[in-house]
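The following block contains the structure, expressed as structure tokens.
Naming follows writing order (A, B, C and D), and every chain is counted from residue 1.
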Amino acid sequence: MEAQAIFDTLKGKFGDAVVELQGEGFSPAFVVVAPAAVKEVSRFLKEDPGLSFDVLMCLSGVDYKEKFAVAYHLHSLKRRHAIGMKAFLPRETPSLPTVDDVWPGANFHEREAFDLFGIVFEGSKDLRRILLPEDWEGHPLRKDYKYPDFYHGIKV
Amino acid sequence: MTVRTDALPTQEMTINMGPQHPSTHGVLRVILTTDGEVVTRAVPDVGYLHRGLEKIGERVTYAQFMPFTDRLDYLAAMNCNCAWAWAVEKLAKIEVPERAEYLRVIVCELNRISSHLIAFGSYTADMGAFTPFLYAIRERERVNDLFEMLCGNRLTYNYARVGGVSGDAPPGFLEKTKEFLDYFEPKLDEYNNLISYNKIFVHRLANVAVIPAEEAVAYGLTGPNLRGSGVPFDLRKDEPYSVYPKFDFKVCVGTGERGTPGDCFDRYMVRINEMRESVRIVRQAVARIPDGPVMAKVPRLFKPPAGEAYFRSECPRGETGIYLISDGSVNPFRLKIRTGSFVAMNIFEKVTRGLMIADIVAVIGSLDIILPEIDR
Amino acid sequence: MSHDPAHGTPPGKGGAGASAPFVASAALGPEAHVMVGNADLFVNWARKSSLWYLLFATACCGIELMQAGASRYDLDRFGAVFRATPRQSDLLLVAGTITHKMADRVKRLYEQMPEPKYVIAMGSCANTGGPFYKDSYCVVKGVDLLIPVDVYIPGCPPRPEALIDGIMKLQKIIMQRKNYGAKA
Amino acid sequence: MEALARSLMNAVPLLAGVPLWAVTLLLIVAAAVVILVFALTFEGVGSLVLRKVAGDIQARIGPNRVGPNGILQFLADGVKLVLKEDIIPANADRLLFKLAPYFVFVGSFAAFVVVPFGVGLIAADLNIGIYYVMAVTSLVVVGVLLAGWASNNKWALLGGMRAAAQIVSYEIPVGMALIPAVLVAGSLSLQDIVRSQGGLLGIFGWNLFHNPFSFFSFFLYFTAAQAETNQTPFDLPEAESELVSGYNVEYSGIRFGLFFLAEFGDMFIVAALATACFLGGWNVPFFHAATLPWIWGNLLSLGVFLAKAFTMVLIMMWVRWTLPRLRVDQLMRMAWKYLVPLTFINLLGVSLWLLVFKGKGIPAMIASLFG
């Protein structure tokens, strides 16, 4: 299915929760959804027989300076099509529902986004820092991250 | 195998496996909770090699990031080089000369062979047979020689460029490659005779840590790990990029040859068979490589248009997906690298429940993880 | 570098030859020097010929370390075999990037090794942080910030020949150590 | 020993004034020293040969820089280990930690006493020789278990527990597989067992070819004994890739060296027992070494014995560098479900054979057909 058709399907199903389609200059195209609706949209994307996006290829946090975003790259082994899904989050309270019960593979990606961006995935099975030590301060992939001078007495 | 646990009151023991352990393939740490020899829970703790590649990517230019992709998966640096080049080319819509694409395919497949050789060798070493490991290294050295001839380094090649490759193949390279293929192909049968069908080896691997196809898909496994579960999905075939559609090769899948489809043995055999397919691809590529330039015209201060692209390519450890956001400046705005090992680690806790300590080692080896890919 | 006060005499000062007048054992007469010198030679020879290294591979250099230990380069020729446990190793080959999360473990591994112990920093990452020096937030900029290092091997990663050269350099350093009669 | 002392006193008039017990004691000490030196040399050389053989099998060279062609490698290793810092972990049980290596070392060493190296070359020809070996080598398991427990390290503990389970289990098939040799010879003394395989039938006098059941018991013994001495593919207690280094993970310096030496000592004992019980021991084919003058007869038989034993050791090394490792449940299953019943059946078979054919072996029967 083409991106526009997927967008129309979603728009018809979820209405205002599906905001826009980012098509030009985006490969694959992104369907922008409201953060609160991420879980329902995901479940529909996975379980609708016409869409059946059974693989979550990638889940990335992005810092667009004025706001955060979480980008989902989906692929369907059955239908052999791909689409992106994006949810924009406010910088102050970046949080959205988890999708690890839709795609169990999301867990590590979500932990990574939490670790490096500080994005909170509500309802996650296990949301801890994954790459950095537990007592690390800050979230390094944020654009305003300042490198610390010392960590445990060793110069960074 | 059934283990009775109701006989005696026992206490569980927490054991720390790694980050310094001979068979965690680097600095993986696994926190094992065991009941005697039986593992009730194995929680991986990664990040001991987190070097912040994604942050580095935002601070360097597109061309400068190429050497860092070498260190992303040092066993398959060529594949990562090319993946980065392909991703940037997809973002900036650059046409690459055909000879360069052929050279990329040749080095990618050669690197796949040498990477699978390490996977095969270290796996047998983990299982207690140290000798096949040294045989694998013996063959790997020959691939290293080829790469040395091509780009001057043995491990971190930095060979691909945005728009082509850094240099044409030196005279004699293609002949040497053919020579290597003729030397290498019979060795695969030697490995199979030596260890693959060894009774102890089969008993250690068959029916251990079975990942059913649905589960493998749900967890997003890719590459040999997915194919080991019997899902015939290979990006080179199903989402073709570069000049791969021009070659004839088979997608190897696990068939449950000695046990259940999706067990450790299947994942192991997929890698052995893939080496054979890689040999076939390289043979065809060497025979058909066209003449011409190896580098497209790319400005020195390269600025792709603003936009976002996700490119995925088939690396030895699964799909390496590069999500690239450009704001039109010389640096990437954001890049995220999704790697096969990282995803494979996610399923680790699930498949290791109820196995024995020795099986944990078998699972780590069969998923063929490499730590810089997980930690980046 | 000196881990142990006994080894702290700089080369050239605590010479075992009869012409070194300020060594404590000078009181024993010249014959003692010959004996001490030979004992030193023998002990150092034994130590340099049997450098068991800890299998401690964190990153890219670890692969070159493995390849150096394997078929073509074969570190075993020099009597260097790998041990999995620090308790039985003489040589800590820091092969690869050390991150801040890993730093404590490196120190601990070093402390677990029995004396006399030697450290080789293999590759740019272990030397200085390498390619990650400038832009990375979590890489230790050189393993010598954590533990004392005897030999630095440059390269990213160093070739096995370079590693073998580094081990031979370390053997030279070991041969210059004064173990007996040098406690001035 | 006393008899030897008496004959020595008769032969050398100088010793006539010395009391009998003193000469005996002296002889015992001398024998102990000889055995110790032999065992240490063997173990040192064994470790070198192991590495050389490993090099050959693994397409590399092996030690060749230390001394001419690397032959001083074991000396360097030994000296280095002796001079290494001796670490006792802070939380270890100090007494047991120190004691464990000696148990292992003594266990493997004491067995050398009854190994029949030649016609008259045996430190003590005990009439319960095989019993003694079985008993003394069991001491190893105590040492290994102590080492695993006292280290206060979980990997070591797992290694120690694996070792205890494994060695105790495999003791049974080892013992049962040796009994056919005892039955054929009608004696528990190793010298008697070796002598019973003499005669002029050449290699067909060996117990290996005595009857089908003794043929099988050799292989059963060899398999089980490899497991009892923790050789690959049964090296689970050490299992480098699983348990880091197993029960000796916390040991450094010479304490580790003792474990290391004991490993090769065990290897030789297994090879020596296999040689003595099934491969004709020091018997030279078609030739009675005992008829030669004492010194030449002993030298010849010693050479033959060592040649056979070292061949067995080489085979063990070959196996070691070829096979992968079993898992612990597979190992136990193999002992209790296969080896133990098989050795019992085998024992029954040998007994019946001896009963039916009045103790005659197949080669002897064939020989008697031709007069």
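As a convention for this text, a contact is a pair of C-beta atoms (placed from the backbone, for glycine too) under 8 Å apart; a residue touches a chain by one contact, two chains touch by 3 or more.
Just so we're clear, the structure is a prediction, and the values are computed from it rather than from any experiment.
Engineer: Using C-alpha centres only, name the chain that sits farthest from chain D.
Structural biologist: Of all the other chains, the one whose centre lies farthest from chain D is A.
Engineer: Can you check which chain pair, A-C or B-D, has more C-beta pairs in contact?
Structural biologist: B-D
Engineer: What whole-number Å value describes the gap between the mean CA coordinates of chain A and chain C?
Structural biologist: Going by mean C-alpha positions, chain A sits 48 Å from chain C.
Engineer: If you average the CA atoms of chain A and of chain D, how many Å lie between those two points?
Structural biologist: Taking the mean C-alpha position of each chain, the two centres sit 64 Å apart.
Engineer: What is the distance, in whole Å, between the centres of chain B and chain D, each centre taken as the mean of its C-alpha atoms?
Structural biologist: The computed centroid separation for chain B versus chain D comes out at 46 Å.
Engineer: List the centre-to-centre spacing of chain A and chain B in whole Å, with centres computed as mean CA coordinates.
Structural biologist: 25
Engineer: Spell out, as numbers or ranges, the residues of chain B touching 2 or more other chains.
Structural biologist: 21-22, 47, 50, 52, 55, 134-135, 138
Engineer: For chain A, jot down the residues that touch at least 2 other chains.
Structural biologist: Residues 132-133, 140, 145 of chain A touch two or more partner chains.
Engineer: Could you tell me which residues belong to chain C and also touch two or more other chains?
Structural biologist: In chain C, 70-72, 84, 101, 137-138 touch at least two other chains.
Engineer: Could you list each pair of chains that touch one another?
Structural biologist: Per the contact definition above, the touching pairs are A-B, A-C, B-C, B-D, C-D.
Engineer: State the interface residues of chain B toward chain D in the complex, per the touch definition above.
Structural biologist: 1, 3, 13, 15-16, 21-23, 36-37, 124-131, 134-135, 138, 195, 198, 200-201, 203-204, 356-359, 361
Engineer: In their shared complex, at which residues does chain A touch chain C?
Structural biologist: Per the stated touch rule, the residues are 132-133, 136, 140, 145, 147-148, 151-152, 154-156.
Engineer: Can you list the chain A residues touching chain B in their complex?
Structural biologist: Going through chain A, the ones touching chain B are 22, 25-28, 30, 54-58, 60, 62-63, 71, 73, 77, 80, 84, 103-105, 107-109, 112, 116, 129-133, 140-141, 145.
Engineer: Under the definition above, what is the set of chain C residues touching chain B in their complex?
Structural biologist: Listed in rising order, the residues of chain C that touch chain B are 55-60, 62-64, 66-67, 70-72, 84, 86, 96-97, 99, 101-102, 105, 109, 131-132, 135-139, 156-157, 159.
Engineer: Can you name the residues of chain B that touch chain A in the complex?
Structural biologist: Going by the criterion above, the answer is residues 46-47, 50, 52, 54-55, 90-91, 217-221, 231, 233, 238, 305-310, 312, 319, 321, 323, 325, 334, 336, 338, 342-343, 345-347, 350, 375-376.
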